[in-house]
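Pasting in a structure now, in structure tokens, and then I'll have a few things to ask.
Which chain is which? They are A, B, C and D, in the order written, and residues in each are numbered from 1.
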Amino acid sequence: MAFPKKKLRGLVAATITPMTETGEINFAVIGRYVDYLVKEQGVKSIFVNGTTGEGLSLSLSERRRVAEEWVTQGRNKLDQVVIHVGALSLKESQELAQHAAEIGADGIAVIAPFFFKSQNKDALISFLREVAAAAPALPFYYYHIPSLTGVKIRAEELLDGIQDKIPTFQGLKFSDTDLLDFGQCVDQNHQRQFALLFGVDEQLLSALIMGATGAVGSTYNYLGKKTNQMLEAFERQEFTTARNYQFCIQRFINYVIKLGFGVSQTKAIMTLVSGIPMGPPRLPLQKATKEFTANAEAKLKSLDFLPLPGLKEGNLEARS
Amino acid sequence: MAFPKKKLRGLVAATITPMTETGEINFAVIGRYVDYLVKEQGVKSIFVNGTTGEGLSLSLSERRRVAEEWVTQGRNKLDQVVIHVGALSLKESQELAQHAAEIGADGIAVIAPFFFKSQNKDALISFLREVAAAAPALPFYYYHIPSLTGVKIRAEELLDGIQDKIPTFQGLKFSDTDLLDFGQCVDQNHQRQFALLFGVDEQLLSALIMGATGAVGSTYNYLGKKTNQMLEAFERQEFTTARNYQFCIQRFINYVIKLGFGVSQTKAIMTLVSGIPMGPPRLPLQKATKEFTANAEAKLKSLDFLPLPGLKEGNLEARS
Amino acid sequence: MAFPKKKLRGLVAATITPMTETGEINFAVIGRYVDYLVKEQGVKSIFVNGTTGEGLSLSLSERRRVAEEWVTQGRNKLDQVVIHVGALSLKESQELAQHAAEIGADGIAVIAPFFFKSQNKDALISFLREVAAAAPALPFYYYHIPSLTGVKIRAEELLDGIQDKIPTFQGLKFSDTDLLDFGQCVDQNHQRQFALLFGVDEQLLSALIMGATGAVGSTYNYLGKKTNQMLEAFERQEFTTARNYQFCIQRFINYVIKLGFGVSQTKAIMTLVSGIPMGPPRLPLQKATKEFTANAEAKLKSLDFLPLPGLKEGNLEARS
Amino acid sequence: MAFPKKKLRGLVAATITPMTETGEINFAVIGRYVDYLVKEQGVKSIFVNGTTGEGLSLSLSERRRVAEEWVTQGRNKLDQVVIHVGALSLKESQELAQHAAEIGADGIAVIAPFFFKSQNKDALISFLREVAAAAPALPFYYYHIPSLTGVKIRAEELLDGIQDKIPTFQGLKFSDTDLLDFGQCVDQNHQRQFALLFGVDEQLLSALIMGATGAVGSTYNYLGKKTNQMLEAFERQEFTTARNYQFCIQRFINYVIKLGFGVSQTKAIMTLVSGIPMGPPRLPLQKATKEFTANAEAKLKSLDFLPLPGLKEGNLEARS
């Protein structure tokens, strides 16, 4: 097998797992969700069952069925479907990795264990390698998010020689603001075809200039189009324009962060923007308050991210 | 159903999950392990699949089988077998709770979710209640360990009115050093028959004087006898004696903490002391080093916790 | 010089620095404050210019004048006046130490540097030694408060061999809940005459059973009498009584912690209980709100810590 | 007074305080240090008595004399001399602010109090305002470094309406990696002439694209020239070149971070690169080890930041 088949690049939406009001997975809307991402947001790759998708709050069988539905619905529409298979139990992670291979996913991603934490680079790589080995034909991505896992091992150190240990290693989702670490991931690996995907949406521009090859995040579900415009301006070296797009996105995120922003709130916002019902989150998360949703809606409108009442959704493209 | 059937009290060993050298669960030694706890350590209640038992590193089916084996082997030998059924996925936690009821466990315990964290008391109680409801005939214990979960909700606040929300609530494992919080759990609930079990073994004496009704911990696997002697001295109001036992226990724990002390090291120590092979831990943990084991053994001997070479194991009782 | 002249023991009040409404130090009430501590609270030793005294918010010259006033007013009334001379600047700390010796203080105490932090035991001891050497005739106490300083060095390790490095070392104020560390301070130094003073007032009982020889804290300003009753019950080995005193104290502290409890609030409470005006704190602290004060007062009354309206202050003794 | 007299821009070196081997301030080399910054590093503004300058480890009188010497030596050579006057004691901070005005400094900067921490924006602004008011003719800069102070108040919120409270407010040193916060400082204040200076040297490029107007840092003492080349490439919109300069700088910083990098090590590196003896740090810091210095020197040479043996210092310009 020759790696990479095709490089994961551009915007990757960390998908929400839609649920019904009674808390069951709402598989029925996933097809519509795929179309929305592609047509309305210009996003053609997805990261399934990650933090945004409440992957770790789902049962193992639910994770399998969700992965399967995204692969099925994304066929011939999406470029790449990466399945997050990280779990506290190595055995379950391996089972999910194998399943991802069976259903024809394009890659797997794994978060560092965060209950027991790996004490050093070797321990962490050993864990990741065991998962990767369960899907030897799939590109493997490491999901680096130290603020959630508490793991102190720097990504740059982890990447040093990683392909000797994990031959399927193809890149990482770097969800941290340490751009020394990220910059050195880029600098030290420029001869490899790694996907170095940034995961802090609200400051993506700062990572692009450090050499990010793409981005994975929850806001690309509903701000993908705006973010793609930023990426295009950056490609054209129009930096003032790119910065203005970044600031516009920041204004929204900055606003909702002050209200309290997490997966519950992401579900509410996506419902507002896409019109597709995302439903409530699973416990231990609780549904976003009505107050949050009303405030977020007003802000989206004031920033021109939502059509004004009376405008049809089809007009969104023309206006923004 | 009238609660409590019988109150969980005294020392409760947080059981290790024995593994073979290849990392599979070594069910074969669990019977011997039960006998060891009862006969050599004087410990008659256990807490299965908790942190020490690597519960969250096991697959769901392994957790079920481990629980089953302890219940089976403990029958007519142990007073109480409490199964930790906490999981990041509510559905899986419920499934484990129901299973614990089916196999005849004496209670279930649940840790607060620690990936997504409950934002307030209501959210946390909602999660716990849903698990408890899956085993409505079993006493329910909350496993409070803020240093691992990052949950900031104080136990005392959680307990306020908890039986209205969780009728099966019977107590908690309080694994924290905040004895204001613990003291107020005792003070405010003195008319209820809660089991208020302390979970920081190395300072149990400080919780006894605050009113702890028992203790759950990993060191009771191998220091149960010594700790029981401390409990007895405390009961007899011989405080200098109790303190001397506590200091003796502290000397050992203080020593191994400096070497790096976690579940891997607990497995090595238990193997040394009991003679029953506990095996290596699962990834992401790594086996204790030979250097650790040699140092721990020397310390155990110097403190008279291990027989000197040449003495038979049967002499342990006589000497200590 | 032979150490110790007299051992620091029992309750030590961490004194508040009284201020006028315009934020200047209110030296005029310090004499009355001394009498109040001795007569109403039964507290005869003090710890001046510490955290409670806003020592680090005062200018160097203010710290000198405050120290001087307490020494002067305490003469023939107080047993011991210990001056906290810790500062970020070693030179200033030395200057304060020398001044403390000149004015006839009974000891000095030093907090670990907390902007730049000592990277290891040697670095910390070097700093402390340089301060101690500036007052070679005064007993030296280390103020251990890792939650505020961020210093990770355990007290027990620091004490190991400390008199070789700091001949005037006489003990520590241990403001932490790690009773393994505290217990080992006691256990490993039982042949030395160290003052091992506990600094977490709300769980003092838990440290008494570990061997604390006394306590330093802010609540002894207004709960000294009640705490002395606890100490006496403990001495008489009446543990249920001691626990009941501890619980009573905890009820108050637990209540105010939920309202937000710090030095500002301590000033408000002390004003309420003693009738001596403590005034507002210095910036960056802000005065306790009126709402806090009203709630605290109601709680004090409901717990019988404050006389009911209509009773004179002189009746306090008779009632409590 | 009309603000700003002249805007603080470009690179600002956070000056080291040179010391003799016996730990006294080495005033004699400050003149040479000024010349070195201007001629060899192209750095014409300085930030005195900050973290790098061990400002908080100096006595008040030392801080005054250090400030004075830099102002004197910098006259007609430096563009701007900003004095950091932050202190735990408001009174001392005010005294230093007034002194900075008297000696003719170009501005003052203040860190948020970090022992007692301001509980909210109002409390923090009240503190800063009181300091600023002591030097009403000097531009005021806020030194934002949450990782050291523990203050959670976001810079963007603090800046909202700050000139109403602090009329002399002219900008901030933003020493954090949260580029959402920094970006919004830029975005929301684009009509004001604030100096928004980034303080995380190793990722300056990421802040330039967000709109940083300059930078304050310790590495500009010895990597100023290289960083100025990056700034110039950025100005010319040559982003690949700018990134390469950033990566080159990162390689060095990344290397020394792994060895343990702080003010002590900065002093050793500056001595190596400039040839001017910076001396040891003050306690509680300890001198960098010889091993560190040797490793840092080898790395500097391998990256071509130091001349090879045999080359004269004067050749440095030609080579780099």
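Descriptive notes on the structure:
FYI, a contact is a pair of C-beta atoms (placed from the backbone, for glycine too) under 8 Å apart; a residue touches a chain by one contact, two chains touch by 3 or more.
Remember, predicted model here, so these are calculated numbers, not experimental data.
Compared with subunit D, the chain whose C-alpha mean position is the greatest distance off is B.
Taking shared numbers over all numbers used, the subunit B to subunit C interface scores over half, which places it in the same class. Rounded to a whole number, the gap between the C-alpha centres of subunit C and subunit D is 38 angstrom. Centre-to-centre, using mean CA coordinates, subunit B is 51 Å away from subunit D.
In subunit C, no residue touches at least two other chains. Viewed as a network of touching protein chains, the structure reduces to one closed ring of chains, two contacts apiece. Under the contact rule stated at the top, the pairs of chains that touch are A-B, A-D, B-C, C-D. Within the complex, the subunit B residues that touch subunit C are 156, 177-180, 183-184, 186-187, 200, 202-203, 205-211, 237, 239, 242-243, 246-247, 250-251, 253-254, 257.
Those residues of subunit C whose C-beta lies close enough to touch subunit D in the complex are 54, 56-60, 62, 88-92, 95, 112-119, 122-124, 126-127, 130, 148, 260, 262-263, 282-286.
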